[in-house]
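Each of the next two complexes has subunit A plus one other chain: subunit B in the first, subunit C in the second.
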Partner chain A sequence: MTRAFALLNDKRVRDVVYQAALLLGLVALTVFFVRNASENMVKAGIASGFDFLWRNSGIDVPFVLTGYTRSSTVLDLFWAGVANTMLVTVVAMVLATALGFLVGIARLSSHWLLSTVAGAYIEFVRNIPLLFFVLFWYFGVIAALPAPRDSVSLFGVAFLNNRGLTIPLPEAPVTFRWAVAAILLSWIAQALVAAWARRRKERTGQDAPVLAIGLGLVVVLPALAVTWASLATGWDVPVLRGFNYRGGFVVIPEFVALLAALVTYTAGFIAEIVRGGIQAVPRGQTEAAAALGLRPGRILRLVTIPQALRVMIPPLTNQYLNVLKNSSFGAAIAYPDVVSLFMGSALNNTGQAIEIIAMTLAVYLVIGLAVSAFMNWYNARIALVTR
Partner chain B sequence: MMKTVLAATAALAASASLASAQQLAPSPTLDAIKARGHIECGVHLGLPGFSFADDKGEWTGLDVDYCKALAAAVLGDAKKVKFTPTSVQQRWPILQSGQVDLLSRNSTITFSRNASLGLNFQGINFYEGQTFIVRKATNAKSAADLDGASVCVAAGSTEEKNASDWFLERNLKVTITNFQKNDDAIAAYDAGRCDAYTAGVGALAGQRVKLKVPGDHIILTQPISNDPQGPVTRWGDERWQLIVRWVLNGTIAAEMLGVTSANVDQMKSSSKNSEVRRLLGAEGNFGAMMGLSNDWMYNVIKQVGNYGESFERTVGMGSTLKLERGQNQLWTKGGLLFTPPFQ
Partner chain C sequence: MSAASTSLWRQRLFGTPATAVVTLLLAAAIAWLAIPMIRWALVDASWRGTTRADCVTGGACWVFVKARFGQFMYGLYPQDQRWRADLAGLLFALATAAVVFAPPRLRLKAAIAALIVLPPLGIWLLAGGFGLRWIETREWGGLMLTLFISVYASLIAIPLGILLALGRQSQLKVVRLVSVLFIEFWRGVPIIAVIFLASLLLPLILPGGVGIDRLARAVIGLGLVIAAYMAEAVRGGLQALPPGQREAATALGLTYWKATGLIILPQALRISLPAMTNEFIALVKNTTLVLVVSILDLLGIAQASLADPAWVGMNMEAYVFSGSIYWLICFALSRWSRHLEMLGRRQHR
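Up next, the complex of A and B:
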């Protein structure tokens, strides 16, 4: 008896007991909700289960990266939506980071006009809802672009109009897969060279010709690979016929508008994170670096930003997660993301509301957790190591 | 002695009325409506002619009129309706979950909706076919001229699949862009994003009014599908379904029998036609059979009018839509409207 009391007094035992109880409670609650919902659905005559995923979808999607066609299954439609969500999210993260860094650094510039313009942009962006940006870019872009007949021709192979940007498509995409493989290999080689050069410098203090090698590996080799691939295959060049251009690949205006909205909106927040991060670096660091004779560009690159990054990563993670979640605003302008395709078209055609909403939630949860896991890993890697 | 007889008679009468009440199957929906004092009716977000709220929040339209008719039949007052605007995506869950008593929002009756979504369709208040609206400048005369065009449509509507199927069958290459709401789709069409916008004839006529220059656009006359539409209920509660179905039948029967809001009083008191007398509660107890008052259809016709009156006022020649009666004419006049007799 006393033993049992002694166990209960042990903090570790109590923690385990509490956590187990909480987990059990959660599981019980979930089971209750699922059973309740399925019983009600049976009573109401609504079919349930995931069988609908293998049905024919019959839905046309104007922008697909996967092999989806209208005769694919509903599950394929789901993946097509996930791919479109991932595409716009990843591209928006990269571009928003770049623009956000530029604006954030401009905000701190000693140049009055530059910092004022950057400041005005940040305040403007942060006080306007994202939906406004999405609609502005969409209807702004469409109103500004000409009809197909009066398309802007780019060297006679690509055409820009209010139906999107039609670009030539390679007839044998396999050559491009080789090119991509070559590019990845040369980038890995570059990383290895850089690591070797760093170690050598630490050991001997000598600089290796990293810039020239890097340029060759990062820019020249990939450029050669792409040139080879594009010469080795035939091209499906778009031609104006009837209502619009036929052939090629169409980058739809919905993608461009959503991307532009996400980038311009998120960049405003990232700029503030960058400013905050840089200002969090003690002034003495900059002064010390200047006293060593480093020029302002190198101070920023070698002293300020590496230290600022530690402050910036956690809030930056939040912004990346926001980009992912905000990509669902694409549904407002018919960008075929997972919300629009799966929670819109598929839900209506099959009526399986609970299953479809659960799957869509799972997509955001999985991608979101993956993004934050990566950012946490990166944060741990660059964290200040105190000895 | 006299007292005992009276008490016995009263008891007998009470048990008789109890017995007749017991004969009616329970209707939780009807009980809930009577308890809360109004009908919860799911309608379209805003489609002129069918369900549209003006700047004072007053709802009008063919589908709205049906809800009002139901309120007149059930509660004796056509104003006792609360309208819930529903999008294409929201409509089924809102009905399934019991937030509304019925949907009256020009939704097409289809097999799979009937068989797998727990929905019941209680008759047809609008026959229509899907077609396209295009700019006059494109010179397109029929859907077959749309090869290579891009078409805007509301996601998950029957129109989305119909159009896709139709063009595929004919080997025509058409890009279909799916918007979440009809309003977004028509706005994108108006902005030049698409060459055509597709929906039912009635919906197109209603949407055309919203375009910047309605006169620049033409609705293609040849439909590519048949889309019968009518009030929708969820599964279960047969007595409620009976009421929903027969109020609709009643409005059509009234037109066929020549009963209008103008002559309904006179018809009720002096018509020699037995069907008219049964419809208006002057003979028989048809209302009571469903658990309503016997003047249920009298209230409907008096307050809302018969089907034809409602049609003319909302989508017909008396409205901005100016739709022909066409298939929505009585069968006796060459249309498809037909109703079982009130016998």
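Up next, the complex of A and C:
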């Protein structure tokens, strides 16, 4: 006995004992949970395993991007949900970043009224629950929009009403695939040109006309491609027939409400990140750049923004991950995302709680890891190089 | 207004042509948005009466909020028992004030005493038993439930979060790995999925026959997620402490737990307090998600009240009222967090 106690006084032995105890405890807890779960499932007559994924789902989904129909499998239902989650997440990330940068820069403006309005906006959205905004946009704003017959017309081609947003759809989507390919190609070309110009500048000190080439590749070429594509194909423009619009593509009100809520809410947080990032750049940097004779626009582009970005990337990553996770708030208004389709409808139909919950959580963990891996790569790329 | 300040304002708002244009555009936008809102909410609003028929002025119908005020605050909690909820809230408020304003020497003891006595006392007051009438959690609701969930989820989250933060900094590899996995898992998944998970899985993994209240499930689920976020807030404080603090404590012969409890945590928690307050604000906002498992907190009651046929079309009133309460709570908390931050910065200098 005394020898055992003496051993416990040895730090290394003690560390091993503690860690072994922790592991044992966790294993015991897991075994306890798993045994209860399997007993309870036997009692309730629920099978385990992933066979249910290949069964016919029989669930109608009001908003599908994939080829899903109600006779598809449960696995197809899962992918339809993932696609809807991704769609609202990506669109919300882009729009929230744009709005957040605008509000953040306005907050720093020397114009008193502008910065006050931006500040009021930030304080307003940050202190109210996101779910409140989701319900408010859905039941307060979209539901209060006029019926299809009195739709708000957007340039005569898109129509906003209480059944959602009806937009025109190209009759030949293949043409658009070519346009998208052209846009991607020109962006890749732009990246290559920029890299070449940077290397040449480092070697010879000569400026290449990067701005003109970049403008051509990033803006003009894609614009031409899209214009060509939209002229080359016919358009299925929505037309009012009786009580509703026929033709076109209906963006369901749940999507519009969820997107509006995510964008307005997240923009408040991004605005604060932008403000913090810009304020973190020491004033001396701006003053030194001005003393060197740089104009304000170039100071912002060459001195302030690059340094502010370094401060902004980590919290911005957090916000992007939040948008991904918060897209699940759509479940509260039955936007068919992965949570409401899979954890809701599919779970109700099949009762396979453990498998379905594990798959749904895995979606968020995997996409989340991918987003943070990309942002970490970007962060490393723009990080301060100390030689 | 003096001439000097008038000219300063003119300079600020109309100094250059560009400034003047921005001012005019913003003023027009504000007038376009704010004037109808103020007319609706105040000028044209109906305040007196008891039924829908009393709302005739065309603006907001605050009669609706007045008529349903009890539900917004307490949900379906029996009217003659609402003093119990008030008393519980009062006790919690008094205890918090006592801890905050206690002399520093007694503060820790006061906090520990409050933490031992209050949580069971609060549940007894709200749920009943031992002489009080039993009230099912199904009948709880409104602002009372929002505050209940926030407080009890933090009672799980704060101690667990501190342990996880210490675990993440630990020298022991297994402890560190377990803490990191726990924290990253809960931080990586949506809270709404966790609430579903808790309400579906908890009854499944507990021994058959052990019933678990659905409100308790939601509180446990939220508590686990917030613990992971709290852990990261506390980690910030731990990382801000110079390593010399622990080394000195160890050199004086203090054990790990003594050094942690007496030297490390008091300092680290003071630094993390603003960040922890921000997590608490996030928790208050996220309590609204219990709505998806049909637990009716303040937002849930507001949402449910829209279905009342006697008060059709009161969406705006319900949202403006409940939204203002959330805003006031969160704004007050965020101001307090900023105040703590300033205080910390001044003490550091």
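Operating definition for what follows: the second predicted complex is superposed on the first by the 323 of 387 C-alpha atoms of A that agree within 3 Å, B and C clash if a C-alpha of one lies under 4 Å from a C-alpha of the other, contacts with A are read in each partner's own complex, and residues count from 1 in each chain.
Here is the rule we go by: contacts are C-beta pairs under 8 Å (C-beta built on N, C-alpha and C of every residue); 3 or more make two chains touch, one makes a residue touch a chain.
The shown structure was predicted, so the numbers you read here are calculated from the model rather than taken from an experiment.
Of the two partner chains, subunit B and subunit C are each touched by A:43. By the document's definition of touching, of the two partners only subunit C reaches A:114; subunit B does not. Judged by the touch definition given at the top, the superposed model places A:244 against subunit B, while subunit C stays out of reach. Ranked by how many residues of subunit A each touches, subunit B and subunit C are led by C. In the superposed model, A:59 makes contact with subunit B only, not with subunit C.
By the document's definition of touching, neither partner reaches A:156: not subunit B, not subunit C.
Judged by the touch definition given at the top, the superposed model places A:140 against subunit C, while subunit B stays out of reach. Of the two partner chains placed by the overlay, subunit B and subunit C both lie in contact with A:353. Within the superposed three-chain model, A:70 lies in touch with subunit B and out of touch with subunit C [touch as defined at top].
Once the two complexes are overlaid on the shared chain, A:332 sits against subunit B and subunit C alike. In the superposition on chain A, subunit A positions 41, 43, 139, 143, 331-332, 343-344, 347, 353 are in contact with subunit B in one complex as well as with subunit C in the other. Put simply, subunit A touches subunit C in their complex at residues 15, 18-19, 22-23, 26, 33-34, 36-37, 39-41, 43, 111-114, 117, 123-124, 126-132, 135-136, 139-140, 143-144, 321, 325-329, 331-332, 339, 343-344, 347, 353-354, 357, 360-361, 364-365, 368-369. Residues 12-13, 19, 22-23, 26-27, 30, 171-175, 178, 185, 188-193, 196-197, 200-201, 203-208, 281, 284-286, 288-289, 291-292, 299, 303, 306, 315-316, 319, 322-323, 326-327, 330-331, 334 of subunit C touch subunit A in their complex. For subunit B in complex with subunit A, the touching residues are 88-89, 92-93, 96, 112-113, 116-118, 138, 146-150, 152, 155-157, 160-161, 164-165, 168, 173-180, 184-185, 187-188, 191-193, 195, 234-236. Those residues of subunit A that touch subunit B in the complex are listed here as 41, 43-47, 58-60, 62, 70, 139, 142-143, 147, 162-163, 241-244, 246, 250, 252-254, 331-334, 336, 340-341, 343-351, 353.
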